[in-house]
């Protein structure tokens, strides 16, 4: 029930789809749990027992939303699940996915990872044509496009709708007996496929397959629509072909290091990012430490390449609850302190390379630097395993608005001075791409502003201005 | 009266609408609290601050759903509120009202008391035409009819929709700056209007006006649509005129005795029901007791007319929580015991008249009779301040299906024998109508099966069979 | 974790004791539920499976504190239970009863209704002798007196302790295999005994026996100590004989009307209080109404005696939750409004007798009078079915301090004027006693200040001043 | 290291003491939060405002137990706090510390880390002498010894009690205006001292000083009793001198790596444990991975010494909630899977050294080995940075009973075979001690059964057999 305080609608999410997996609700729960890092604000599951779709969703983490009693009510071997972290501030239960629809095409449900760049335009047009929206979720337009397609066949209606939407969308869609999984033609967001006995599983990342003992099979390809019905898997390519543009930020920060996405190990890419970083920005230092957990692999890569020993010199606390209570009395760097604590033994008297994956506003890094100084670090050399983040993301990653991004208006020298470090260095775009693998094409819009798919706005009105608040 | 759980879709509800009432969310909360007896399963409020609608709804009683923090977020002086008790078993959060819609007609919200008899037919037709439904609430069809009306004016679109729907509906509807309140042309369900300083209030019963210090003005008339916009109150009569058919069961059982509905005091009617009952079915007895709380006024009326003294001989417990834990060890009449306890001093050795408002399955009454016997009652004469309940209600009262209604297949003699009482008597239909006032026309369908508005079914498929379960 | 805001320690409580009752935890739960009106702040149960005592207690009502899972853990056929409403403001979990002790006399537990008048003196002395207290509950002294008695036999130790304590105490005490139930020699607080198959049950009021299908046997007598061990019931009278002084306020207000205590029906006494009130203070009026629920029987008695018809003219709401949210905008008589609503039909244009059981500060009555006036009452005649309440209670009833009691410093004329009523009348002490029955002797200290057992204070220091705050 | 649930009473705990620290409750909350890893079952804080002790405790983690409202009620600049993880299964609220006592010595409170080896004997004797216990916490004997000391001075009484107790005890004790902090003469458990402006802070580990911006000063010494009163710090040594026996397991597993205890950096010791391990048990392998998080430093040390590269090849999930729901359908190694996931890129086709800090039952390690095999590891070489754990701990570490410890009845060969690994090696005792530092003396009883302080049992009855269960 919070107000939106951000102009650009975007959501970070994890999705799961299961077909012919006994006890599908529990398996979807486990899969969503493994994708918890992709969104901790709401969680939901829809199952089908072959004739009826049952939905449950709530605010909070997967383990908070679901109980044994609730999972027991979610019957069937067909399921989709969703985790969401809304970055628009429109944090309300009504927006929790999967969405569920009753229509002339029957009852169906949908879970979406990504952001549609023409959702606002489509929505206004659909409203003019009589559609009623009950959420502010952009993927709600898909259902309306489907029922207005004129198509009586569910698959045809879906294809009709998919051809109208633009932007980033990895989707799992289900009705009583069919599961669809697809990626937009750019393939912005990952989606992998697995097999478990006679069943099939889809998930944003392979770690969600691991937890349910499903075997990773392959990526859903950019532009591919997979339908599983009557046990038969069909692959279609309903979109016009476009150049792929895989989100490189998934590799840099967002995905779990134990996942495989875009046909690569996330850990492997991060290791290479660190190695490239060491090559581009070597440092004369005694130790390399990471800002845990997302930068550990890059730090190890940096250490390998540079020959400077890696140490786990910054400890991260994992006990943080929802509402951490701030004392009245001031504590230096309070917020960062709750999360991080340096190890004086490691850093005291040392020239320290601190590897981090990205810098947004720079405030947390500044606090960490302060802590390291007080713990006795002699020199601090910040190394970022990505290029400077300067632009908004319209495709599903929570990047602050450019006015908040320190790199969008400040030079590396200025940032170095702001952070009060001895040196700092960002990996080059080339360094990132070479680490991710030049055999694929990546979206690097947040670094260079080259958006593969532009945001369509309506008469210059940014999408979110008309947003209504809800529960 | 007992509880029911059956298959004909109907909901008991209370609704509130407020216009130009400062602190409208809190006032709507109080109003909904006063109508808590009309539905305890979910509660919701939508407010408008003039430009934006904010909604909050949850499962449970009003005091459980809302907190100070939540009410504080519900800003504005325009509000609608809703209490619901769903009798269809589709007890899920998604169905909590008020519903809120985003459409070409702008954002609006709606709260409904009653049941539409052609909702299923309309819904299927709307689905065929491309409407998507997100709840199983019958009033969701109204919004789709509105946007498909071709009308660009909100009021015209609403009138268009209202002319399509049939059945029982007292409604409050709002958009950013306008409040609508209306009753179906039969006037099945009550809706009263009040004034508070420069503001206006609508509620299912006048007790909700009392609690917010609003002054009762008048009934919204059957078939009347009231619109308040820019401080101006307009009254319209958009429906074809039909014979009114006020729900007599509101008087008998459902409404609060301190309410005024249908231009009458509920208490007054109940008192007269009791007097008429005493005339029709006198008893040679020592005391009159009520099954509290709904039958107290009728019992006092019976005592007045018969000259037999009234005593509060059956105590009702009001502490019952949500989940009352049943012991493993058997207790006679466990369920009824938790709620009622007789006073041996009052009933022991006495010939007791027990006045109740209605008998559904007869099981609770049978347990009460057993308790009274064990407490020493010498004779028990059950008197019901209504005619035998033999038919389902399609207009918003939770009456079990006819197969469960003891009176639908059993004679008074058989019921007397089943309850093991010395005598029993039901008030005649004439006795009910004379108590309620012959100047008005009542719906007595649950007693005689004469439905003023028939239930429209689709191809013989009862509405509820297609219901989906949800969260 | 609230501060104490009241000088004199007193608690309202309900207690239950069960011996050889299968499923004792569930039965104790039901018994405590039936006594919920005696205290809604905390609830607890201790059971024994013959060798081990298990305890669970929490803040809130019985149905809020206990779940099926918790009751399942409370094994055995021997149990005691306790409800508490602390009037001292020391509302913390640590004080929830029953208390449980591990000592040289083994493990035992205790639940207390009443207040000890020498607890503070004893406690200070026990502390000097090395006792450590973990609660501020006065009955904790009993356990320390027991272990310091020099007695090795549990019963002898208990008797030793009982002879030291003074004041009001109905107690149930248990160890692994024995249940004790007793009343202080004055018999201030009630305690009844019942039988259920081969088991025995004790409770503050007989309504707690009814709910578990136990048969009322008799009162535990003033000064009687009952022990049940190995299935054998023994009755002892360990105290010096004193004149009994039964709390007449149990009859007037506190006990449930369907209970039998002090060998009388509470309802019967209230009816007679009303009749006596009508004789002492007749009124020339049209109707008699009660302030529900506790005054209903007295109002009916008043109506019977006076011939003025009784009507249920004031409705009481029973949905009030824990935290009722007050609106920012003023509502006249907000607090009273949430609880009561008058029926205009009943009171409009009428001369109304309002029967209430007692007046403490007078503020609620004043609000009710205002509501009745606005509902159209022509004349209002308040009649109180008790004498003016002018003095504190040291024996377990929550009566405000004398400085807050309107009758302690104001004449009937002044109160009449304060309440803005046409007349008012209090029942005389003789009228109360005659209604309760002259065959017994009652404590009427709150009316006349004649305390049967004086409060022992330590060096003029009131007991509560040394109170510590806790959770 | 795995979890345990067995019958020898011992508790893992964290303690905090603050003197003259403004906003002490919030600071104690932060300190307890930093020590969350030492116990997550209950948390409590007692504060003093100079004249009154206020206590709050509850079940769960610090952030779950305390709210802003509760902390606001805990006034004063003097506080103690406690985290507890009970290994006895006596998981009940009554046992939550700090304990609070009212006695002839005034009101005081106590928080304890460790286990008393003669608690049972003392307790039985104290019970014989009339003491009553309300918890099963062993440190409750301290309060009774104090009041029975004959001493009227609080400090003298405390010293009297301290001289009677045996075993492991780091304690913080407070009354209205004085804070005491002390360690048993063996110094089993850590306790450090810090300074924050004009105030003083004590904590089990230095990480709790860091989070409140207090400066680490020194260790409380084994056998040292520090009293702070009227702003004056006094150090006393009330115990007979004994050889110190610092718990080496704090270094190996229990303490946080960013803490300093026993005058050493925990991280430093672990690094050295890993180096020594590599020397004692080299492996011909491609990579070194840790079982995170406690083994990371040892794995890095192993990598440094061996020259085999360290990789973060096993990912640990930190989202686990209280009640993780297990699916009906089988998942291999379910429990371990929820917590750990290997990275195939890292381990596939590799000869992997897995460094772990200890093996209790061996079941978790076996599951991890299975996961690594399925992820493609060619060879697996388990290296344990401690000696085989073969004996129970009586001093406050949760080690399963010897019958459950795989190393107590199995040779390294047998364990190698059980785990299905290619090789395994435990660090020698000498290797552990050399890493921890030979300038100090350590308790290594869990490895070799040489208990510095024997467990005193009463007539051969193990302490826990008489334990009562509670809430």
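Letters A, B, C and D mark the chains as written, and numbering starts fresh at 1 in each.
The rule we apply is simple: contacts are C-beta pairs under 8 Å (C-beta built on N, C-alpha and C of every residue); 3 or more make two chains touch, one makes a residue touch a chain.
All figures in this text were calculated on a predicted structure; none of them were measured in a lab.
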What is the set of chains touching both chain A and chain B?
none
Note the shortest touch-path length, in steps, from chain B to chain D.
2
Centroid distance [mean C-alpha coordinates] between chain D and chain A, Å:
37
Hey, how far is the Cα centre of chain C from the one of chain D, in Å?
47
Which integer distance in Å separates the CA centroid of chain A from that of chain C?
60
Multi-partner residues of chain C (at least 2 other chains)
none
So, with touch as defined above, which chain pairs make the list?
A-B, A-D, B-C, C-D
Interface with chain C, chain D side, in the complex: residues 52-57, 70, 73, 93-94, 99-104, 107, 127-134, 136, 143-144, 147-148, 468-471
Which bits of chain A are touching chain D when the two form their complex?
21-23, 26-27, 29-30, 33-34, 36-37, 40, 61-64, 66-68, 71, 207, 210-213, 256-258, 260, 265, 267-268, 296-297, 300, 304, 309-312, 315, 317-329, 331-332, 337-338, 341-346
